[in-house]
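Provided herewith is a single structure, encoded as structure tokens, for subsequent inquiry.
Chain IDs A, B, C and D follow the sequence of writing; residue 1 opens each chain.
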Amino acid sequence: MDLSLSTRSQDDFEVIEVSGEIDVYTAPRLREALVELVSKGHHNLIVDVERVEFLDSTGLGVLVGGLKRVRSHDGSLDIVCTHDRLLKIFRITGLTKVFGIFDSVDAAVASH
Amino acid sequence: MDLSLSTRSQDDFEVIEVSGEIDVYTAPRLREALVELVSKGHHNLIVDVERVEFLDSTGLGVLVGGLKRVRSHDGSLDIVCTHDRLLKIFRITGLTKVFGIFDSVDAAVASH
Amino acid sequence: MPRTDAPASAVNLCLAADLANVRLARLVSVAVGRLHGIDGPMLDDVRLAVGEACGRAVLIHNDNALPAPVVIDIDGSAEEFSVTVTSQEPVDVEQRRLEVRGSRVEVTANGGLAIPETFALLGGLADEVDVRSDASGTTVQMRWRLPPPAD
Amino acid sequence: MPRTDAPASAVNLCLAADLANVRLARLVSVAVGRLHGIDGPMLDDVRLAVGEACGRAVLIHNDNALPAPVVIDIDGSAEEFSVTVTSQEPVDVEQRRLEVRGSRVEVTANGGLAIPETFALLGGLADEVDVRSDASGTTVQMRWRLPPPAD
């Protein structure tokens, strides 16, 4: 399964819904999407990975890169993720301490 | 996906419902099932391959072998199959002329 | 990014001659076929043809107790997708036969092996099938012409 | 049926250094892992670890314009499942570094290559990770201990 991305606004946030596989081959497309949102002045992002089948370290790198980018504009990048399979990867790499990780988009929005 | 088999009686027929992949690795299990039915005196068989994902020539060979076996007892072996993907294989090998191939178990039963 | 000399999708798979591994050959060919834009009935043809050719090769290795792996080469271009299966049975072309599961297999004049059902099926599935045997083994090459990409 | 010398599931996959092919390596490892009875979270670990190791190898081949394929060896027994990824970059152990996507990679004292994120992840996914480099290339071997079969 390939990567697919869809973006929508909710309150003051841009929600990027990702599905498929974020890997060393597809991650550049996620990076481009994040870069484009930031360059259009969206600095409060929520990346919903609930429908992601696979995430590797390149994908994590792109998310961290996105976080650094929005932070330089005093923005935020939160993750929506409930699957153990993916949470484990954030945990192993210590990124649970770096990202806000929420059960739902609403919970991510409410946290601000 | 592996092969799975289930057998039930309908009127005077034994219906073998096959699902999964019938290939060079799994076909021996279908062969055993057919041999066992015949040795128990069931000579009118209907093999329902509607839920078969994959069928190769070894699988065809087992079906032909089953047909020869029941015919030697004046029995029958019909196939239930509607998927083009599988029908094509019966066609290429000329086996559409050898087997009765039906849209449903009921149609196979009614044909006798 | 610098391009390598090897074609982008060249895939080579060596499988121990175990019948359970035939599924892997199908799986990989289908995955590579998808990377080349193949889908629908043509992808079913690839899956079945590769299964037939590999199943045949694994049976031959088993029946002749050959320790070597069965080798599958998958390659493609914009016009063509090809899968080549190599089994390593030394074919005694003089004797022109080889035992496969007890049934006699004829070696044809041009050195090809003929197992009637397998090759009947292959001929109906691939656009071209090329079988060559010599003293070091047999290669079965199957080729599919790719439709020009719709745009 | 006579058993061959090669272990039943020994699979060897050679992939052109194309990022699109990393998925194939995952696919094949997962399929072979399943043949060894691996499932659930352990299968996820195999998928990710193989993806990491292969992604790393393909990037290195690309960045160094190496035409050789990346090689994946998958093997298993009743106790253990292992995947070994071999990249063919000549490591200048004297210089103790190699460029990967512009970030510096350290060659450790025992000849291993360290890319911090990749190996941090691998260490958390496989039971054992063994990395060796020499002038002909680098192998990353990942091993998983299999639970005794329930009966």
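Rule of thumb we're sticking to: contacts are C-beta pairs under 8 Å (C-beta built on N, C-alpha and C of every residue); 3 or more make two chains touch, one makes a residue touch a chain.
Bear in mind that the values here come from a model prediction, so they are computed numbers and not experimental data.
Looking at the partners of subunit A and subunit D together, they share no chain.
Taking the mean of C-alpha positions as each chain's centre, the chain lying farthest from the centre of subunit D is B. In terms of their C-alpha centroids, the spacing between subunit B and subunit D amounts to 43 Å. Subunit B and subunit C have centres, each the mean of its CA atoms, that are 27 Å apart.
Spacing of subunit A relative to subunit B, judged by their CA centroids, is 50 angstrom.
Multi-chain contact residues, meaning those touching two or more other chains, occur in subunit D at positions 20, 23. Every pair of chains that touch is listed here: A-D, B-C, C-D.
Of all residues in subunit B, those touching subunit C in their complex are 21, 23-25, 54, 56-58, 60-61, 84-85, 88-89, 92-93. Residue ranges of subunit C in contact with subunit B, taken from their complex: 19-20, 22-23, 26, 41, 44, 47-48, 51-52, 55, 58-59, 117-118, 120-121, 124-125.
Those residues of subunit D that touch subunit C in the shared complex are 1-2, 4-18, 20-21, 23-24, 27-28, 31-32, 35, 61-63, 65-69.
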